[in-house]
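Pasting the structures in now, so scroll down.
Two complexes come next, and they have one chain in common, chain A, joined by chain B in the first and chain C in the second.
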Partner chain A sequence: MSFLEFVEGPLFLVASAIFLLGVVWRVGGIILIGRKKDISPPKGSAAMGFLKGNLRHFIPRGIFAKRTALHLIAGYGFHLALLVLVLFAAPHIAFIQDRLVNVNLPEMPRWGFILTAEISFAGLIMLWVRRISDPVMRLISDWDDHIGSWLTFLVMLTGCLALQESHGFLRAQHMLVVDVWLIYFPFSRLMHAFTFFLSRGNSGATYGRKGINL
Partner chain B sequence: MTANSEIAVEKFLEHTDAEAASFFEACVHCGECAEACQFYLSTGDPKYTPTYKLRPMERAYKRDKAPFSGLKKALGLAPSPVTEEELREWEPLVYDSCNMCARCTLVCPMGIDIAGTIRKMREGYAAAGFVPEGLQRSAEFVKKTGSPMGVTAKALKAQIKHQEDAVGIKIEIDKKGADYMAIFSSMEIMGYPEVLGAYAKLFKRAGLTWTISSVAYEATNVGVQIGSAPMAKEILQRVVDAAEALEVKHVISPECGHAYGAIRWAGPNMMGRQFKFEVVHIIELLDQLRREGKIPVGKKDTRRMTLHDPCQIIRRGGLLKEPRSLLNDSCANFTEMKGAGITNFCCGGGGGVSANPRAEELKTAAFSRKVEQLNGVQDLEAVVVPCGNCRAVFEDGLDEYDLDLEIIGLSELVAETLAEEDETGA
Partner chain C sequence: MNNLLRMVAVLLVLLMGVTASQAQSVRPPGNAVNLDDGIEPGPPNTLGDLSDSDFWRNYRGGDPNDPQQIIGPRPDGVVLTTTGQHWRALRENYIRKYAGWAPLIVIGILAVFYVLIGPMRIKSGRSGKTLSRFNLTQRVSHWFMAAVFILLGISGLIILLGRPLIAPFLGKEVNSIMTSAAMQGHNLFGPLFIVALVWMFIKFVRGNFFQWVDLKWIFKLGGFFGGHVSSHEFNFGEKSWFWMVTIVGTVISVTGVLLLFPWLVEDLRILQLSTILHGLGAVGLISVLFGHIYVGTIGMEGSLDSMLKGEVDEHWAKEHHDLWYEKVTGKSASETAKEEEPS
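Coming up: the complex of A and B.
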């Protein structure tokens, strides 16, 4: 078994299993902590509030947007571009069809890949530079924030190096970093990709019960 | 870990329910919340970043309760235990620099309720005895007299008598079977007693029967401000017992921010049961009476006025439209300040900050944001402040920043602009 076959085969399977089980364990663990039933007479729907809270926080409020513009642009740019890269880059589609599920996803043209990758890199770098340069961010950041940023950066960097598919090692290198990223994910703050709906939803539900239109 | 820090951590963990856990798990340390906090905005000091204020409770959760905490501990990757030194270092952040105004929740991309979590965190601090002296003193007054300012029933009755004389209407005390029982904040009773006269005038016109209990007249709940659930429950119990003994149908929560949340939203949960009466906020009630035509508006106030939004009534209480509707009716020249409504700034004294003399300087700094908003309204003559605590903070703040503005309570404004009986043919 070659190194490439190993990182794309058994290691990828193990990493994916750790990722999936870890995510379920962590999200389930949070939910299972439980909370007391609120018995105050409601003025509105908690369920609608949960949903609304989740949607409302996608949209920045005008009054804050001006002060936090850099963060918003970099944050949205990075996350959306990364999602597009993961789903629509030609090698990813081939990998998904070959190893995971046979779905027909539209392939991005090469120029599209380059542009999206640039947006994603720019966003991630801006966020990280802000993390190390802004006094507030410096105070509240910890090693997990930096490891998460750097691992994601390396996944993207090795992915770009492997785009040309000029050498198996470059592909293996990318897959190795992806495997490490998948294993690190459920134990880290990268989990915000799944926990965000709980926190937004919980606040939204509280506001919803009170009949507050956020 | 000392005995005190163990008590605090135990309470932190007890109060970290699935909701608080979801907040700790979702925070990405983006720092956006700093941009919403007026303590950070007024000082520029990063330590006032809201999420940073939660650090000891978050650490306790991640060490002892979070999923994978056992595994991380075994691998030596769990956070270190929370120490008494750290708890004491954080105490001013938890009590002096958080109004629990929840403005940070609005900017947070994860929607984290930091104010609500600070409330839970204060449970640990209160249980361990790490509470600012000023708030402790208020708690002692409550134990002795039922009021954080030491307002006795005798003092209340004297204020009622003055107001009866002023408006010429009898105010019933301990009237069994009345429709409504009103409670007040100590600040209102002693500082702004004209609100009693305003209630008398408005309710007489609306044809409501109402009363004030001589044993449970205090709405301020220091237990909620300090973060002591047992004390909060004890204070609330007096009101619930009195209201149920008098067999009233409604209890009117006054123009006081946290009092509304304490009795309306937290109340039944603290008592473990629903009440035999309905809780209604005075603003909610006045708006309803106005819409029903029971308190028609007469000659409008023509001064240029703006409205301050008390956080616990508006942002955390949900009464956004009602005060505006009343103001639009009563004032011919009502102008919103910039940032009004759900995103409005706190007065700077909420969350027990105004009862904490150690936080005086910070409170004044935080009020600078309100001053900017007030200065932004051209030719402003008066500001309507529908909260007794905010009103006291405004008085100090306007004095400090040398601003000449009249401060008015909303109930008083509605009473002052009530139509004369012959104006409506009633």
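Coming up: the complex of A and C.
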């Protein structure tokens, strides 16, 4: 078994299993832990608050819009472009069809891939340099934040370095970093990809029940 | 006498006969190939009345009326370009040979400087009071440019120097893998450099225009000779670096775009010139960058705060940018310095 076959085969399966079980365990744990029973009479709908809390956070508040413009653009740029890359890049579609599930996803043209990758890289770099340049962000950031950012960056970088598909080693290198990323994911703040809606919803439900207009 | 001559003549004839028969007995090796076998003679006189020199001169110069040049790939009939040979010679014999030395020499000079003279301390120590120097957008644009430039610098040096530096030591296969990866990375991050360059220019151009006070900085070599030098928000060294990044960065960007999309120009010489300018400009920027990093980190106490925290110590501001200090505080740098001196 070659190194490429190992990282794309057994190691990828193990990493995916850890990822899936870890995510289910973390999200399930948060849901099962529940909330302290609120005995006060409700003044509004908690469920509507949950929904509104989630939707409202997609747009910044007017007074913060200018201050958070950079964060907003970089954040949306990075996350959306990364999602598009993962799902619609031709090599990813081939891999998904070959190894995971036979779905027909539309392939991005090469220029689309390059453009999306540029946006994603620009967004991630900006978010990270903001983390080290803003004193408050630097204060509340720890190793977990930096490792998560760097691992994600390395996944993207090694993927793009293997774009020519000329050497198996470059593909193996990319897959190895992907495997490490999948294993690290459930135990880190990268979990925000799955927990953000619970966090926003929790705040929204609390406010909604109290009748606060979000 | 005549008989003697006849005998000599007979002997000579016999000797020649023996030599000829011996020569005929030398046979070709079994695996020898007779070049005449199976090859039909080509059409005669293909060159016409041209000599070889005229023929190649025409090919090189490109004569559109010469029917022999109809295979030429270009409309003007040029098949071979000597500029290509000159470009290759320049790239192989000079740029690839010496480019790697420039950053190393700068690093060496900085190391010697650090060992002999050491870092530039804040003479009056830190005051504990700070002044706001760069806002968040300026800092992010600076670090964004730094991140992209480092990625491009590393990948570019692998592309340029991989063959002479990596292949002999790590092998051609490793060089091939690294160069393939570097090429993809370089092409991908190149456009981000243009974004970073424009963004940084907009954010920093104010305060970076040259002023008369900069002449004093030049004459005193930034304070190394002749004591304190006054400067505004940016001193002459910083301004020079800003304009170097702007101008050379623009050249690198334009030439990079041409190399990424070679069909934008018809003249091959522009592309050849682009590779030269791109490589030289990048190596120049990388070399000077080490000086910038040195002064911004270990070379000058308090400098890094401006780009990490956005704030600098007041004493740092007074010592290095006294005119800027006076502008933002409304106080005299020299008078406040005297007031703070222990009596």
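Methods note: the second predicted complex is superposed on the first by the 214 of 214 C-alpha atoms of A that agree within 3 Å, B and C clash if a C-alpha of one lies under 4 Å from a C-alpha of the other, contacts with A are read in each partner's own complex, and residues count from 1 in each chain.
Throughout what follows, contacts are C-beta pairs under 8 Å (C-beta built on N, C-alpha and C of every residue); 3 or more make two chains touch, one makes a residue touch a chain.
No experiment lies behind these values; they were computed from the predicted model shown.
Student: Please tell me, clash or fit, for chain B and chain C sharing chain A in the overlay.
Tutor: fit
Student: One more residue to check, A:H167. First (chain B), second (chain C), both or neither?
Tutor: In the superposition, A:H167 touches chain C alone.
Student: To make sure I follow: the centres are taken over C-alpha atoms, the vertex is chain A, the ends are chain B and chain C. What is that angle to the nearest 10 degrees?
Tutor: An angle of 120 degrees, rounded.
Student: Now for A:W150: first (chain B), second (chain C), both, or neither, which partner does it touch?
Tutor: Touch status of A:W150: no partner.
Student: Name the chain, either chain B or chain C, that contacts more residues of chain A.
Tutor: B
Student: Using the touch definition from the top, say if A:P135 reaches chain B (first), chain C (second), both or neither.
Tutor: After superposing on A, A:P135 lies in contact with both chain B and chain C.
Student: Looking at A:I212 after the superposition, I want to know if it touches chain B, chain C, both of them or none. Which is it: first, second, both, neither?
Tutor: first
Student: Minimum CA distance, chain B versus chain C, superposed model, integer angstrom?
Tutor: Nearest C-alpha atoms of the two chains are 10 Å apart.
Student: Hey, what residues of chain A end up touching chain B and chain C alike?
Tutor: 134-135, 138
Student: Within the complex, which stretch of chain C touches chain A?
Tutor: Answer in residue numbers: 136-137, 139-140, 143-144, 146-148, 176-177, 180-185, 188-189, 191-192, 195, 307-310.
Student: Please output the residues of chain A touching chain B within their complex, sorted ascending.
Tutor: Touch residues, chain A against chain B: 22, 25-26, 28-36, 38-41, 43, 53-54, 56-57, 60-61, 63-64, 67-68, 71, 75, 131, 134-142, 145, 186-187, 189, 191-192, 195-196, 198-204, 206-207, 210-214.
Student: Can you check the complex and tell me which residues of chain A touch chain C?
Tutor: That would be residues 70, 114, 117-118, 121-122, 125-126, 128-130, 132-135, 138, 157, 160-164, 166-167, 169-170 of chain A.
Student: Which residues of chain B touch chain A once you look at their complex with the stated criterion?
Tutor: Listed in rising order, the residues of chain B that touch chain A are 16-19, 21-23, 25-32, 34-36, 40, 46-47, 49, 51-52, 65-68, 72, 105-113, 116, 264-269, 272-274, 278, 315-318, 320, 339, 342-343.
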